[in-house]
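The structures considered in this document are given below.
After this come two complexes, each holding chain A, first together with chain B and then together with chain C.
Now for the complex of A and B:
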């Protein structure tokens, strides 16, 4: 692994813009979005009628078409990657007498990945946490989730900066690739440990007793009503198409 | 006379000694001092003189190997801090702003950062919201309320860290190098802010290398070197005015 690769990984994690540009609160409630996504994925997994998955995929593509271009690109990248991987894994099924499996699994995978990517783009980090709070997930879970996201960002930024510093000093004939990489990983690890200690102390200094809440508040909007209607429609469609399939 | 002064001191250190595990030399060597409410103390001295260690002792993050540390007349010891009620009451009364604000900001948004400490105090939800709004306004953070604290600039992070600590309204505020990494505007803002807080009756203990800054805000200058307090100098208030 070269320092260039480490620098890219670091920059990937430290990409501020994903957090800075998110101002999407005030639409559908995060908890409702998460539950709807879960429902959709479960229905698609249970469905034996390919028309149902096709309908859901069509609805998702319609939703995707209403999103900004950079978000569409992000969702499509994840979807295509997931679908390609699923197709690759199920490819042997074509040669073992079950060619439909390839299409079914690939479509279901594409649907699930696309749905999760849209939810991720729509909610963002803060929305996810607020949704988790609404769903009464344990405080410890939320704290762990937030700390993990934050550390990915901070340590990613740290690693990217060290990589830059190392690459600036990569002069002459000596091969820095291996020694430089080891140094960066080691230093980042030590930094992480130090930050975790400081973090724990900061929390203790602010009387942390396990309570971890968020101030986000959401009132019922027409977005919520539309989402609930879509959920109901999906359930009706699922039942109808299953009945036809039987 | 001495006993009278001690009884009014909120923090009393008496011949405090401390060494870090694995090191023979003492990080603090016989430190004695009294800290009174409504005053600002600047702790000055070269790097490695024991300022940060003194702060860790004051905050109950480390404990003296010898000597005593009394906070409002009660000894702050490892055994006492194991009592969660004592530790909670103690930390409620003494706030700390780290030199590197980033390590003390751990929530997903600026408003949640301010509310974090208030939730720990188990205040009613409405009061938490009101206080959070109030401190967002006071610290001019309304425009970044939804932003993750670690995506802010250095000056904004420092303001968030201060707001998060001051919202809990502690009696004692310990600040490590408040001007570090700030531009001129940020430094001016912090200086004015700390002057105001001192006037409102808080006990401020501030470490700094900046003599000008210390001259502006300090009532008492504490000079440290090699783990010892070398000199305590009180400002002559009339001269400063």
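Now for the complex of A and C:
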């Protein structure tokens, strides 16, 4: 693993920080938004023709058009990257006689990534945790996920700093990259252990034992009703478009 | 009024595109100078209105159809330079995604609908608004401007069609591209636009202009009011859902026939330039999604077009901000 790669990974996790620190007031219930997203992804996966996926992609494009330019750029970057990767992976299908696979998989990937990116922009990380709690997901799972995401960023940044320091001290043409990488990763691991201990102490200080409680109460709004209606419409459309394909 | 590929010679297409280049450059410069960056997304909303207006086909006796363009509407709301950019982008999207209007003829279509229409429309509207003061004068100006604008654009398209058989013929004397001369193209185009299609443009422009002035008065040439009001969003949604009404008009617009149709229109032959000309296959030809009902395909096409136009202009509004921060 080269230092350049380590730096890139560090930057990737650093960029992810903005998602964690974002706090947004979603108008519809977060749990309902997550369930609707899950429903859409499942229906698109089950769809045997491209029409339902096209309809969902169109609806997502309309939702995207209502978002601020900065958020549109974020969602588009993620979507295009995901779709490009999917197209690259399924490219051999074109040469093995099933070119439709390329289009189908790319479209489904673009739909899923765009949907999740929009949900991420809409709810933010804290909102998603809160929504997951209200959906009664196990606390241990949420704590592990939260800690993993946070420490991926912190440790990524730490590893990037070490690799930068090592590269600045490099003298001559000696290839230290392979011999030095073990040291960088080892130091990062030790740092992770110390940070985990500190995190446990901080949790104890805040009387947080890993059990998530949500104090906010969400009353049913017309946004919730509209989302439920959209879900029902999606199911009807799915059944209709699968039927006309037969 | 969307001129397809191979109706105009490549030379004509090149000249029309070259004529549009300075118009685009000046328009971009003027919009950057005059329009606040926060209001740039409104260009997308304007383009979306124009796009939707062009999907509502209106039938004419004789089996031909036409549609409103909305260029004067955008020129009245945001200025003619902004209208030039908005309608150009809407036309580009129509050509690339839906095959409405040719790729080679893009410059000619922009000249007619994105340059002549909004500038003539706005000039007539301003001239009348100076003479007739008050609220009614504003609406009368916009209505007259939209009528004058679309007819000026139709006349330009008719002349572009009509000069083809005069300039480009084969050894047998048959036209290489559009087979109808000025004596046919001008009356054929103008008959529809001076009556039904001109009226459609007036109704579309004044109805939307009056609605926008009522629900979002700051959108009417003010620097503030950058956000899209809820009323405008609802209006766009209603127009998207209503687009299948455009399917009720059967037949093809004059000058937009396919190569298989043109011989039956009275020409008696298919010009050789059309048979061996440029052929571009769009993703959703004629606003249809293969395999699903035409009405649903029409709604999907409208939604995709509107969403893409707004997204494009919103992303465009980000660029100057970034440069300024740098």
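Keep this in mind: the second predicted complex is superposed on the first by the 171 of 246 C-alpha atoms of A that agree within 3 Å, B and C clash if a C-alpha of one lies under 4 Å from a C-alpha of the other, contacts with A are read in each partner's own complex, and residues count from 1 in each chain.
What we mean here is this: contacts are C-beta pairs under 8 Å (C-beta built on N, C-alpha and C of every residue); 3 or more make two chains touch, one makes a residue touch a chain.
Remember, predicted model here, so these are calculated numbers, not experimental data.
In the overlay built on the shared chain, the residue A:70 is in contact with chain C alone; chain B does not reach it. Judged by the touch definition given at the top, the superposed model places A:62 against chain C, while chain B stays out of reach. In the superposition on chain A, no contact is made by A:168 with either chain B or chain C. Set against each other, chain B and chain C touch different numbers of residues in chain A, with B touching more.
Of the two partner chains, chain C is the only one that A:51 touches; chain B does not reach it. Applying the stated contact rule after C-alpha superposition, one finds that A:243 touches neither chain B nor chain C. When the two structures are aligned on the shared chain, A:153 is found in touch with chain B, with no touch to chain C. In the superposition on chain A, contact of A:213 is made with chain B only, not with chain C.
Common to the chain B and chain C contact sets on chain A is no residue at all.
On the chain A side of its complex with chain B, the touching residues are 16, 19-20, 22-23, 25, 125-126, 129, 146-147, 149-150, 153-154, 195, 198-199, 201-209, 211-215. Taken together, the chain A residues at the contact with chain C in this complex read 49, 51, 54-55, 58-59, 61-62, 64-66, 68-70, 72-73, 76, 241, 244-245. Looking at the complex, you find that chain C touches chain A at residues 41, 44, 233, 289, 291-293, 300, 303-304, 306-308, 310-311, 314-315, 317-318. Looking at the complex, you find that chain B touches chain A at residues 59, 61, 84, 87-88, 91-92, 94-96, 98, 100, 102-104, 106-109, 111-112, 115-117, 119-122, 128-129, 132, 146-148, 150-151, 164-165, 168.
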